[in-house]
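Structures for review follow.
Presented sequentially are two complexes of chain A, the first with chain B as partner and the second with chain C.
Up next is the complex of A and B:
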């Protein structure tokens, strides 16, 4: 989850999110260098007494400021496309979970090996126990096995929603009448928080997502107890 | 969970960000690239000035040197970092496989035996 006043990306807990973090570092370095160049150019403009009023052509500089941006954009686009195609890979998911967006809660269905479905409502602030996170905790967490590719099928029962978990690098729209698929694979156990990411009404900010990733052995025990 | 301080929290001191965007403390290779870039900028700018005595042009050369050296170090360092990550992943998988499959027929260190087993 994010810490207070956090501006940057959350720590990665999936291979895709790690790749996204590295790409973000790369893009940020390029942005920093371009910003430095622009600031320097501005300072040059401010500190000259000369005024050239009869420029007719400037072939060299025009060539440079065409080729260099093209090269910069290529150096950003190639890693970006690599990650884009990586997110579309499907690595034999072992489990499929359906999630439906409602106004204003998520419901989850585990239908592979058991017949389990439950709703996941946000815990109101007044009902939180000490130490729990405001606007992020839910009554029923989504329990999943870690280090396992899991297929998430996402849709909606009413309006547009979006199922997002930033630390796993996931965000998929929940569209009524359409089934969207995403694959998730967490590298470590823990609680991963997300929030609805598509405006869906008055309580759009109050329908969080909490994934509880546990070792496969414990997940098997949990599923045996709940089915 | 709330008791453990997260990295970058105000209690630990804000991370230093160049121009407010580049976190040189936490981004791998950023600090080295900026430092080498600064060194390259000073060397190039000063060298140009000593040769030509042109101040403005030397500043331009310095800035150009900073950008080129920073970019060059950045790409070189990130390429090596990516190779290292891949090697770490292979090593981690190898250790896991060794622990899992030790003394079984899938043991990666087991030498294949060609003789027939007797009943």
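Up next is the complex of A and C:
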């Protein structure tokens, strides 16, 4: 989850999110460099009494400010495309979970090895226990095994929603009548929070997602208990 | 007249403005890559059907070992095992 006043991305808990963090740092550094260069140039232009009013022929600077931006854009595009193709790779998921978006809650179906089906409503602010996070906690968390690729099949029963967990780098739209697939792979155990990311009505901000990632052995115990 | 063909006129303009050479080459590279990628999609994408009689629905004849995407970062498609039956 994000901490208060957080500006940047959340810590990565999946390999793809790590790649995205590095790429974001790279692209942001380029943006900062260009912006500071432009600001410096503007300040130079505005603080001189010199003037040059005749037409200039500036072949060298024209060449430089064609080649340099092209090189910068290429250095942004190549890692970006690499990550884009990486997110689409086949990775042999060991488990498939289906999640359906409703107004205004998520429901999860574990039908691989058991017959488990539950709804996940947000805990209202008045019912929160001390230490719980406002607008982020749910009554039934989605329990998953860590360090395993998991296939998430996402759809909706009514309007558009979007199933997002920022620290795992996931966001997939839940579209009624369509089945979208994404793969989830967490590198460490813990609770990972997300919120619905597509406007879906009055309680759009009040249908969060909480993933509880636990070691596989504990997941097997849990699934034996709940089925 | 000699020297009024398109190539000659282009060459004279470029000599007067050599700073345009990088721009033309980068734009050419970009448009060429886009055109080549479009050609690759048209010829190799399983979602495209050219021959309705002999190959009506190519998306139904996918192999698990073929690489359909342009770039494979960490998956070696040749090494994947084929674990489903043939139709």
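We take it that the second predicted complex is superposed on the first by the 225 of 227 C-alpha atoms of A that agree within 3 Å, B and C clash if a C-alpha of one lies under 4 Å from a C-alpha of the other, contacts with A are read in each partner's own complex, and residues count from 1 in each chain.
Quick note on the criterion: a contact is a pair of C-beta atoms (placed from the backbone, for glycine too) under 8 Å apart; a residue touches a chain by one contact, two chains touch by 3 or more.
Remember, it's a predicted structure, so these values are computed and weren't measured experimentally.
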### Task
Please work out whether A:59 is in contact with chain B alone, chain C alone, both, or neither, and reply first, second, both or neither.
second
### Query
Just chain B (first), just chain C (second), both, or neither: which does A:191 touch?
first
### Message
Under the stated touch criterion, which partner chain does A:77 make contact with: chain B (first), chain C (second), both, or neither?
### Response
neither
### Query
Which partner does A:37 contact after superposing on A: first (chain B), second (chain C), both, neither?
first
### Query
So, does A:26 touch the first partner chain B, the second partner chain C, both, or neither?
first
### Message
On the A-aligned overlay, A:88 touches which partner chain: chain B = first, chain C = second, or both, or neither?
### Response
second
### Complex interface listing, chain A residues touching chain B
3-6, 8, 11, 22, 25-26, 28-29, 31-33, 35-37, 39-40, 44, 131, 133, 191
### Message
Residue numbers of chain B touching chain A in their complex, please.
### Response
1-3, 6-10, 18-19, 21-23, 27-28, 30, 33, 56, 63, 66-67, 70-71, 74, 78, 82
### Task
Mind listing the chain A positions that touch chain C in their complex?
58-60, 62-63, 66-67, 70, 81-82, 85-86, 88-91
### Summary
Interface with chain A, chain C side, in the complex: residues 17-23, 26, 69-75, 80
